[in-house]
């Protein structure tokens, strides 16, 4: 499996990532321009590296014809938001769109991973136009708060540093950090709630 | 009709332009990566300025509810190519796509405007997802060679300079320039033809 | 003071911000490409809005000729990093550069603001080339961890929501959140330390 | 000479290209915002491909330590303008800047290459800040009209297609095209002159 083979495999995924970056970034603009609160703070996207795909191909003993179907995260979109509540608003928004179909979702926000990892994951089907006609690709969308992202960024750079063998004492520190972030996200959620209540009581007064 | 009204009108057009820029630019990459010749040299896009839309609204005596339907060039895409032949390849490519429907086309390449202006124009219907659900917008796609674009850029900056009253002696020079560019495009087309022929004779020999 | 006046005032600041974004982003690439750890996680930049400058002009009773000198944050760069230790590495790096001169610095990381705000601020002099010749501008550089940025983003959107009159119960929550983030940053710093130690002991072993 | 070696060689050139793109693009904005005519229509930049550098190293029998000094076009900037007159305005502008020093210039606009190639070339020294301190790099700046660029683009894709052995009949066509473009540029220059004259007579009348 050589470079030309990979370029052709990855082409439609890069297109999908680029299109989705435009679309989700536009939601931020659209909210700002209409004076609405944007549940999305920022968006990033990437196509999985060939070396990482090859790892998965070998680990899962896949045939090259199965790559498109069995590797669900070749195209990845990450959506960052301020409050835990925003995550579920974005999930609902994605379900309502006509340009993608949700294949499956995993709620690692409520069902925290053992490592301390939290995020909401969705796999969606998305249609792109290639020179050879239309093609349906899978895209993994990760939705998380800034706090969850902060933790995941650091955990990822440690995983990389220690080649996926983080020593126990550092793993403990990461757990403690994850707990601190959960506390922080809860603190923020209660701020969020109070804001909403104070706003709705303000609106009620204004209506009298 | 105030600023907030316009932001909401223009929002989906900006989204459409951004998406189409990603899509047409990707065709260039896709060709390069697969070693194919790209009929597209470069792509630009813009949303019509509010002042220009207002001019059209007044000139055509439109009601604000008719803007979406009657002004076909709020979203504009310009595709530049090397050879006249490429223009028609791109037109065919656009007809074959599943994400846009051609409403009408005007061939100012063969049917040159009196001013000397040449370009191929298409109006397509294109679907975008907004916070209020899906919306069909119209997009004007202009397709032209670098030579045609060169001429149009200069004519446009002269129109702007002279407030659409270009003096006769300059208008004559523009006509002469347009003629020179047609000669140039023809010269280039014949190069194009010879390239194709030499390539196909080369392939025939290679097949023996 | 009208729009043309402001455009000319702000022009060199926009140029400065654009140049510095290129320069600081390049440091990230340079580290990655040489296998070094990048103390910079991401960079953002902005030119202050005219309305905010006008507020400051009125509050400080400035003459329009004093704007360049007295308003130090017209050009703003924000550098985000993972660990508190990175902040001071970046500060040192900025002092060592030949293309900017540090005018002053404020360490709100050790000397936390009453509101809970933490960040390291620097004002630097930076030279840009304009059509009218070279011009020295001031740029405010804010350096903070992802946690500090997380807090500041939320505090800022609350300040905006409550028009700089955050109610006491929300202010308390923000303080609690700031404390939680300090705990988190400390947790992360100790991870950082352990990593360094484990690395240097690893290197020592490897050298034997 | 392996990949890591090249990354370190090319790093400062990529930085230089990125900075200069920001700087020259800003001139366009600055002119637009102050209502002045911009002699620059558009700007592009690139770092020479490693394979092309290697070709040159072998052809010129260079030692790897001589690369920085002897290969003057590792960093390349291309500036496109509308009129031949603009080229010389841009050359003057570059001479006046304090952030680059002109090493040499070649006027292939007046002194057309045998192939028909026309452009104004400058080699400038430019200073960048790297993690290892400041470094002076050389940058090749090519300045040309849209017409010259049009021709060069097509010639380049033909050179590539025919592996630098363009057949005589196509070479002839290219010469004819070059002649057509010179005629065109002259036509445009005379438009330019008439515009200037009509403007200055207009101003004189307005002053009475």
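We call the chains A, B, C and D, going by the order they appear; numbering starts again at 1 in every chain.
Methods note: contacts are C-beta pairs under 8 Å (C-beta built on N, C-alpha and C of every residue); 3 or more make two chains touch, one makes a residue touch a chain.
All values derive from a computational prediction rather than experimental measurement.
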item: If a chain touches chain A and chain C alike, it appears here; value: none
item: Residue-number overlap at the chain B/chain D interface, same or different (half cut); value: same
item: Identity of the chain that, by mean CA position, is farthest from chain C; value: B
item: Rounded Å distance, chain C centre to chain D centre (Cα mean); value: 36
item: Between chain D and chain B, distance of the C-alpha-averaged centres to the nearest whole Å; value: 26
item: Approximate Å spacing (C-alpha centroids) for the pair chain A, chain D; value: 42
item: Contact pairs between chains, per stated definition; value: A-B, A-C, B-D, C-D
item: Contact set on chain B toward chain D in their complex; value: 41, 82, 146-147, 149-150, 153-154, 157-158, 161, 167, 169-170, 173-174, 176-177, 180-181, 183-184, 187-188, 190-191, 194-195, 198
item: Partner chain B, residues of chain A touching it in the complex; value: 4, 7-8, 11, 14-15, 18-19, 22-23, 26-27, 29-31, 33-34, 36, 96-99, 127, 129-131, 134
